[in-house]
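So that you can tell them apart, the chains are marked A, B and C in the order they are listed, and the count of residues begins at 1 in each.
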Amino acid sequence: MKSKLKSDNNFFYKYLLLWNRFKNYKGGLIGFYLFLVVIFIALFVPFLPLCDPYSIKFQSFLPPSFSHPFGTDEMGRDIFSRVLWGSRTSLSVGFGAALVSSIVGVLFGSLAGYVGGKLDELLSRIIDIFLMIPAFFLILLIVAIYGSSIYYVMLVIGLTTWPSTARIVRAQILSLKEREFIYAQKVIGSSTFRILFVHLIPNSIQPIFANSILQVASAILLEAGLSFLGLGDPNVVSWGKMIYSGTSYIFTSWWIAFFPGIAIVVTVASLNLIGDALVTILSPKTEERGAYA
Amino acid sequence: MNLLELNEISVEYQLGKNNILALSNVSFSMYPKEILGILGESGSGKSTLALTIMRALPKNARIIGGEVIFNGKNLLNLSEDELNSIRWKEISIIPQNSMNSLSPVHKIRDQLRDILLLHEPKLDEKEAINIMEEKLRLANISEDVLDKFPHQLSGGMRQRILIAASLLCNPEIIIADEPTTGLDVVTQYQILKELKNLQSAKGFSMMIISHDISVISNTSHRTVVMYGGKVVEIGPSDSVVGSPLHPYTRMLLEVQMEISKKTQNELHSRTNFNKLHKSVGVNFAHHSGCPFVQRCPFATEKCKTEAPTLLKVNNDHYVSCFLFNK
Amino acid sequence: MEWKDYLLRRSAQLLLTVFFALIINFLIINLAPGDPAALMAGELATKEYIEAVRERWGLNKPIPERLVSYLLNVLQGNLGYSYTYLQSVSTLIAERIPVTLLLTLTSSIIAFFVGLLLAVKTSQKAFSKVDLFVSNVMLTIYSIPSFWLGLMLIGIFGVALRIFPTSGMVNVRSTGSGVFLILDIAYHSILPIVTLATIQVPIYYKIARNTIVEQSSEDYVSTFLMAGMSTSSIFKKYVLRNSLLPPVTVFALHLGYVLSGAALVEVVFGWPGMGRLLLSAVYSRDYPLIMGIYLVTSITVSLANFFVDILYTLLDPRVRYK
């Protein structure tokens, strides 16, 4: 059988196969297209014909109308453009946190899995301790004490959520390191670094990939919660903060809090749908035998 | 007189958009008090065969033709109620042994009892325990296992429990699906010996399904060789193993057992060895032609389009191959 | 005999993790930027008060000594004094815990059973249109921010329909007690509990459904099918029992978050629970209070993990009988 070493034609072929199977998951597809819309908005929002999200020149508390599809908030800002601009904050925190989490997770997990022995035990203990810490509280604490810029938030969320990635990587490495192609590499004298970074880790990417997408989703929710509590970056437009300001006016101007929330649900749900479909595809037991050829 | 008769059984599976033929016009009989061996590799259809007889095929399988005659009745036409009176009481199965062939969170006693009471609901607790203990003894395993969980027992012990389970209602036919998988050689030998002794002592008929020719040749009276969902050879085990006729059987034997120098030389001169020892791909049945055509060193054009049928060559020895069309 | 050994070992682990929690707790606060004494004394403190705080808590001593006195204090049950609430931290926490528990325990239990029931209903026809539809709906529900959901429920049921109260744990204008108080609290708890339960149902649904689907293709199912058992009997007697462990494990793990998980909902509904206590402590930099809350929640999580491990040995015969 062809070895699973990463090489150019293998790469694209694998992803084509993956897309073929992914197509069969209606939920995942809906999520995928929704997410394309969100990404499009986040990327091109400066070029869209929108009101200035910071401008307070409009009348406050206007209900949704043709000129202001989502109405205006308590300071007279157009909510529609604020919601669209807010996508940048959420997506950057989401991806940023997931990136940090993945990098740290891959590092710790692969070291634990490959080196094994005492190092593995120590790292597993650290992972357990981290998992024991209520993440939300910890993030709250650190952001409150140390600072609340958007990069800080990304970093903190990433540093509190890496254990789940690490566990997956460790399990993958443990199962892969006994395989023949690794043994062959050792025999020809490849360094540990090379074995890890050229062979083991690239072959562990798939399950990490699915897990990371779900982490982006939860990071977005975390960020929303943080800015709702007033602990997010004060300089950016954030959906959580918008909901917070809409709280006091829920009795009269429901739209201030409503639309940012919908935006969160759409964005997070699209990611969760994609991620869940991927997890189902990539773990053979949960996929039905014979339903999808 | 036949105990069980399979006539032109064909079964196909639906996998996505494709229909895969697993059994194609399979016919053979089983006689009373005999051990019939079904020999075949993965993909030959032997497990499907067992599931078909037990009427336990998965939802995506369809029986597209043939009949299974037992006691004068076609099992494929029976209602659920009629089937329930036959299942386990007349025909039972020793399923393939794996870690989870029995529920890991229930005690052996509860699982055996559930199976027993399914077919003899009127029994009270004491009678049920007596029967369970008796069958466990027959299967050569201590009654202590009743209080244990499957993971506490060795592979051989779990195999014996499955054997005991199959004996619960004193059936006339017992199907043993790969009774030696996962066992070490010594335990394999013991299990096979015990099965043979059980069969001759109790007088039921046994169908042993295996890919291992030594299992078949050591236990069965007659052998059915399957390939690609079709029966390619049937005969008394001594005949089939001693003088195999079908090219596939000959290949199997050469690979798994020593054969006489003469036959070896004969094969050598007419063979492309690469073809013979080609790694096994999944060999699904074909709708036309001989299923072995791709690996057969004697294949001709005819073999690709026409399917050979079973021909009698010797006393009770049949083979399905154009080589023998005289 | 072996079980007792495991219990001992696991208890030792528990104490160790609690100890680590204490240390981490201490370090985070004490490594923060700024003068810890000034921070603890509060923004309105005079120089003398700051020095007094420094003396009292030994902040002029090196860190290892401070750590020791902190640990000794904790062992005596002294978690410090909150200068924003002017009460001892332990009292404050003790007051708030039942409030939070009412919300989190009730909602978790409801979510567990609702999720389990839904899973049992849909997983028997796995991958059918209904099953896939419900799974996707669950994923979407799981994507809803809890605070927004609470807010929307207030808007719909509290404002528009005027069925439920819009905030608070009790009606501040009433002075009832006893049964009336209980009913009032219950009435006020419906919306927040519904909010929390809704968000959690997808978690239990998913783990239950996936486990059931996985178990349904296990070999023992085919063994019993061939023995003639009906699919519904196999499901009820065997598949369900084999599928119970993961959801129960998840539930037990969630118990760890029983003190911290409702923070956002407490804020939205104005309930005086642990979450809100922590938030006000964080806003006002009330460090003794922060440390106390953090410690209690860490211990709760460790206890929950400990509980899960023990539960596992009791429920899973594969672990219990080695």
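In this text, a residue touches a chain if its C-beta (ideal position, glycine included) is under 8 Å from a C-beta of that chain, and two chains touch if they have at least 3 such contacts.
Worth saying up front: this structure is predicted, and the values here are computed from it rather than measured.
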Furthest chain, CA centroid comparison against chain B: C
If you tally contacts for every chain pair, which pair is highest? A-C
Taking the mean of the C-alpha atoms as each chain's centre, how many Å separate chain B from chain C? 54
Calculate how many whole Å lie between the centre of chain A and the centre of chain B, each centre taken as the average of the chain's C-alpha atoms. 51
Between chain A and chain C, the Cα-mean centres are separated in Å by 23
Name the residues of chain A that each touch 2 or more other chains. 291
What residues on chain A touch chain C, complex-wise? 26-27, 30, 128-129, 132-134, 136-137, 140-142, 144-146, 217, 221, 224-225, 228-231, 240, 243, 246-247, 250-251, 254, 257-258, 260-261, 264-265, 268-269, 271-273, 276, 285-286, 288-289, 291
Which of the residues in chain C end up touching chain A in this complex? 17, 20-21, 24, 28-29, 32-33, 126-127, 132, 135-136, 139-140, 142-148, 151-152, 154-155, 159, 166, 210, 213-214, 217, 256-257, 259-261, 263-264, 267-268, 278-279, 282-283, 285, 290, 293-294, 297-298, 301-302, 305
Which residues of chain B touch chain C in the complex? 51, 54, 56, 83-84, 87-88, 92-93, 95-96, 98-106, 114-115, 118-119, 148-149, 151-152, 162, 165
Touching chain B in the complex, chain C uses residues 218-220, 222-229, 237-238, 241-242, 316-318, 321
